[in-house]
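Chain lettering (A, B, C and D) follows the sequence in which the chains are written, and residue indices restart at 1 in each chain.
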């Protein structure tokens, strides 16, 4: 066992600068962005998208677009064409842009968004949920009765890119999160073709307890070292 | 505006429904319910991924990675756990929460609830409300009896966009407590300070008096509230 | 924060003996049993079912019925009417009983079983999976094409009882698992009306890291202290 | 019985396809592939919830809580993680595994595979095979070219119950390597020790010679195998 512990392990996960990492994003990308409120947002990656690329026409899948975040700055730069998420009323600018047809918005209940991400990453293309049955959000969606209750058919979500925020990565690409900054991040890691992670710290392989790893490296493509503060 | 002490009464009365188990509290009056829960017996769930939400921290102890669903800094308790949004909503939708206390714009006598959108306005925010109402074992609506304009909130039928159909279990206002039993709205409690006639007048829905109906004295309860 | 740490917490989780715990199981129960191979099986709980109850007519949802396990003993006692799982060919006795119509078997692919448990506990009654599309196991099941590929509609699984095995519980009922003994256990914990857990160790509240807890106490009803060996 | 050195050759040849990434190995010949993988570059996945399966432990180091999908005691590697069955199968079905190497009873020229049941026998065990084949990015079949009775396994159409349709990418036998490209079976490699005629005779399916076809000397490779 001790011999095995000393084994040098190489995975396909790449460790890049923020600028190199975001250069992998295609233009007009369908892109997931982690975070809830201001917590668990990959701020440095978003900053690199804003500052070092000309990318625009994004379709962004994220819970919301929080004022003050770099996701909001990306939006203010007119680079987000469509947003899929649960809550946009906290930003007056987003509401205004919606009214002026400068942004398209697709609203999902938060639990539907969560499960659509997890199942999107799990090869399950669609599922039935009780949430929103009989409401406006179920308009134009199929519904079906199971055991006497009505359920709505929801399609799972996948994307070309996910920008997520984790607390620590080991040098194989395994991830752990911190407190409520976990939120949508592990789900989005699973659901995108390219998952780019911003972390506070990169540790040696073997430093993360195998029981404790939340996102195994198999879901990770690129790791970027972010700021040193816990909130990136 | 509604007197803060009236809001506190509603929150206190809602807390009396919760003596044990796991509860998710919505924004507004429901948030205040936390102040009146029995210590150490009711656990709070926050949909962004916390089971066991503790009180607000002192400003110097705030942690930007530790917030509740209302985006306010919180603490955790000794038995807390963190998880992703998918497990958090599995708890809700899977019927594992004992109750949720939420506000409402309108509640119908069959248990329909409208709490997230107003007709004619842009519908740009729903959050976790629909999952909560669809999934919690008990949906307790804690709300003022009428709107600030004096319009009834407890109605024969909701006219605002629905959050869910037939999911409300209990309605708690500053004047009364209703339960929806076998699809029927039943008055189970009324404060002594309002007459049956006046209560009927400010309630849009029709209801029956429950067998276990009782009258309480609100002033007495309010004296004890912080 | 220190004051909060000292708070005494009471949850609805009960701590009982194995005999008391299994007395809560109804007769002819639909019951999930954790474990893969001989790993992560709640052996002591099953022993209590066999020794201290007259329960029979079980419908058992479990990956398999491993020879030598107490689940196999329960089966050998003629007390299992139906089994839902993925792999029964490892027990000659089960195969024989099936041929002699002494047991009904419903076979599912292992990934379908896993996801049906997780979604059963998540309020999602049905989902589409690519697995088994075009095979015998999809006979009599609906299928549907999403993005040009065929998917099979599978219903999620719930049960009256789950008997599961964890490594440690704290006194609030939070659980952690050990190595590959995790397998189906956390999923079944979510999917049953009553979840009874056998653990190797019960620790004080606060001894489990909140980042590390796999099954929050909300999914647990009864905890039973099992044997002291890691394999229960 | 097939000579063990023949099985080892098939396993070794399959390993040549895997230079990096995450792989799940099935039972039988595929299990032997582990012995020939480049050290520290290919990570093994086990469907019961391990990413980073290490070699078999010494008997005194066996841990009953640490087994692989074949129920054999294993070890883990420094970068390993444990997870529940649902996440494990999410890895498979979600297309996160770079490849799986599995055995087969029959493979069809369009990529259909039959690997879990025989007609007329009770169908009582499927395990994770269907999810693996449905989900892995590459499905590599490692099998002897014919059955112990000498019947062809590579066929125009499977006659046994299918594991999945059109999912096989590569077929590796002791005589040849086939790839299924644009739905067509292509011969990409043949050992020097068998003639084209004989290969055609023992193969039930029809195939074309690939542009990148090559001949290899099996004896040479086998000399180097442990």
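To be clear about the criterion, contacts are C-beta pairs under 8 Å (C-beta built on N, C-alpha and C of every residue); 3 or more make two chains touch, one makes a residue touch a chain.
Owing to the predicted nature of the structure, the values given are computational and were not obtained by experimental measurement.
Among the remaining chains, those touching chain C and also chain D are A.
Interface comparison, A-D versus A-B: the higher count of C-beta contacts falls to A-B.
Once the centre of each chain is set as its mean CA position, chain B and chain D turn out to be 56 Å apart. Between the CA-based centres of chain B and chain C the separation comes to 34 Å, rounded to the whole angstrom. Among the residues of chain D, those in touch with two or more other chains are 76, 82-83, 86, 89-90, 92-93, 134-135.
Shared interface positions of chain A, defined as residues touching 2 or more other chains, are 115, 118, 122-124, 129-130, 177-179, 211.
Taken pairwise by the contact criterion, the protein chains fit none of the simple patterns, being neither a path, a ring, a star nor fully connected.
Contact between chains, per the stated criterion, is found for A-B, A-C, A-D, B-C, C-D. Those residues of chain D lying in contact with chain A across their complex are 20-22, 39-41, 43, 45, 51-52, 54-55, 57, 61, 75-83, 86-87, 89-97, 134-135.
By the touch criterion stated above, chain A contacts chain B in their complex at residues 36-40, 63, 86-90, 94-95, 98-99, 105, 107-115, 117-118, 129-137, 177-187, 214, 230-231. Against chain C, in their complex, chain A makes its touches with residues 115, 119, 122-130, 146-147, 149, 151, 155, 176-179, 209, 211-212. Contact residues on chain B toward chain A in their complex (touch as defined above): 46-50, 63-68, 71, 76, 82-86, 88-90, 92-93, 117, 122-131, 134-135, 161-165. The part of chain C that touches chain B in the complex is made up of residues 1, 4-12, 118, 121-124, 170, 172, 174, 190, 205-206, 210-211, 213, 216-219.
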